């Protein structure tokens, strides 16, 4: 049984369907990457999984249990974490407080997980008493991922974690994603930097017009000339 | 020196009293604004409701204060705070929550809160009438402390009344308590988080409905304190609401909307501005009259505005801050 | 050329005309209600009610263009109404010889000249930086000058006005026709609206509500306490009518004449608003309300349009307030209540249909009838409750029962506002949204 599975998901905003039947599945030890052109519904799919928009048709399963249209706080309780692309920190809260908010539902975890996250993202320890709004983009992304990790999720959804970051930070983030996955957290992320993302992906999903175009392992998709031509810029 | 004592009594003491009351009221308004993003026009009537509860409880248990050694209304205040907090949560469930669920514009929430304020006014005045009433019922008297000034020339003492002392103490307790709550507790931090970024708060598993309810509890409790202390200082007037709203909103905006510490500062700014504006400066100028040329006669009344125009002061401050710096002195989050 | 083009386009894109069933049913019911009131309460009373409802309809039209067309919420209708009422009183009441025959007008004029001079001096001080004075110093000088001159001028004014009050009562009116007061009242209300709008319209909509609520209370406080100008709580009456009064025509006929005047005013306002609403100007206003960002992106001057609509609404409120004061023939600053002059108008608008002029007029008349009829009803219910309480439980009813019973109406208005917002946010006659292409 896959950790996270979507079957024929339809959905969108205010009656307009953006997703027209998307299937995807990842296992606990896998990194799944969603790529595709602008407007293909990549971020929308992530939001649909995380209960931020209504799924009109199809189902989403977490460990075999249907979770579609559950509110986000219930999903966090069931072991799902979500890092939005923009506005992903609480700017006036300190870094430490941001992280504490991640463990809001598991207050017993705070001490242990704080240490864990600081070990994972050492720069955050030095800045722990600074308001998150004052950090650089890359550090904010670390705060955002750290916050999601605080709840010890089984699966982490990342919406374009490297958007707007310098190549240096981008590699750093991808490294961290691999490490998080190695620690037993399933990853599903949307990426614009498709080549680098597929390089670390166990599974890749190429979406276009709200539907699956290609689904395969990351390596196979990178090798597929058709995918390369239409979606990876040659 | 007598003039200086007069100044202290009429400006320093009076300004701190009104300032504290506005500050406590403005904290509630600003918290509601930062969590629910609308100006809550029913706040002043929530204050009146809290006071009315104190009045009813005092009537029901007139002897309670004597047993503890405090004025009965103060003893009844915690219970009234609970009742007002319950009312606030109930109003939210009945009137604001359905609108929020519809995703209406903030201004529609404002109109709804005006509807709520009318309903509260109607109910309170139906039972309490419109006349003013003293919270000190027969048998209890306001304790008055006279502090003699250690100067030879000062014949008159500085006067502070018991409710004023209680007011200062309670204000300090409220401010410190709020500070600890917002910075040290899990719920307080979650409240700040929701005020920063409601979507992310939801994505972190914070139950936003829960935070909204907590906000109403705090705002309701503070409203009961502010209303009761105001009525203890003067009298309980059921029809004060629109006159209280303006200074409280002005205080919240001066401090930067959504900024609790700013609201406290704003409350004192507005409170002192009011007392300074109605203070008759002739009192201070008369002793130094001999320094002025003979043709310059100081008028008997040299106040900026008469007490009947007191409400102009917060309005003026409001306009000035909106023109000069709409985010407020402390850079509020939401404009 | 271009106007013609848009005009034609509007016609072609207009929604297919339907039989106005809802309008006919609602207005039919209203007519039945009015006839019912006529049958029960007599013609003189009922005509009075209709005139007042007509005046309220003008206020409601003012609010509906602010709230319905542009989404601006004015919580201080009362202030603009009171301003219109004051101007009408000041212009239409006969001259007061006890004032004009003395040297007091000269003194008042001199004090006002000093006010003007002081304003000029302070304004000049704010421009001192042009002469090379550092900006901080300039600000300091301007503030100190403003404070000192303000104190000088205000104590001077206090002296003169105190004299006027003790020797002449108040300065009286100008003896002009009532309609001139309505026009000046509208202009003054518009001017005040311009001032408030300039400050608040670029900010969050909540701020406009706060500021208007405040200015309304300030206007009331000013009118109530300026005895030299308004006689304060002593009230001024009678105010002359623009139409022949009851002494020449009798109550019913005189009121009918007044009613026809207000009806003509409403018709003119209605027609002009209808034209404006369907002109490019109206479309722009609605575009701004519905999607501010895209309207701004299309290069529309949002704040200017907003200011126009807000001022226009305030003007209508001033005129309506003038008409109301003339008709009641009394100027009583204490009679201006937020409930009667702000929230009642609000209920009329949101119940009738914000943005729909016909719906607003329907709402104004219907709500006003209910409002008037609710007074005896509230008293009746309260007395009934008191009688039951006394008879069954030996409960002593409070002395001021009647004034308390009227507070029940405050509650009902509040409840009505919240319920309409929740269950019928579009009102009974919703604004017809055309999908212009």
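As written, the chain order gives the labels A, B and C, with residue 1 at the start of each chain.
Here, a contact is a pair of C-beta atoms (placed from the backbone, for glycine too) under 8 Å apart; a residue touches a chain by one contact, two chains touch by 3 or more.
Note that this is a predicted model, so its numbers are computed, not measured.
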item	value
Innermost chain by mean C-alpha position	B
Distance-maximising chain from subunit A - centres being C-alpha averages	C
B-C against A-B, pair bridged by the larger set of C-beta contacts	B-C
Chain centre separation (subunit A, subunit C; CA means) in Å	55
Centre-to-centre distance between subunit C and subunit B (centres being mean Cα positions), rounded to whole Å	30
Approximate Å spacing (C-alpha centroids) for the pair subunit A, subunit B	46
Per-residue overlap in subunit A, given as positions that touch at least 2 other chains	none
Residues of subunit B engaged with two or more neighbouring chains	none
Subunit B residues touching subunit C - in the complex, by the definition given at the top	38-39, 41, 95, 98-99, 104-108, 110-112, 114-123, 125-126, 129-130, 242-243, 245-246, 249, 253, 281, 299, 301-302, 304, 306, 308-309, 311-312, 314-315, 318-319, 322-323, 326, 334-335
List of subunit A residues in touch with subunit B within their complex	50, 52, 71-73, 76-77, 82, 84, 87-93, 97-98, 100-102, 104-105, 107, 147, 151
Residues of subunit C touching subunit B in the complex	71, 73, 75, 150-151, 154-155, 158-159, 199-200, 203-207, 209-211, 213-215, 217-218, 221-222, 224-225, 338-339, 343, 346, 350, 398, 400, 403-404, 407-418, 421-422, 425
Interface residues, subunit B side, partner subunit A - complex	186, 189-190, 192-193, 196-197, 199-207, 333
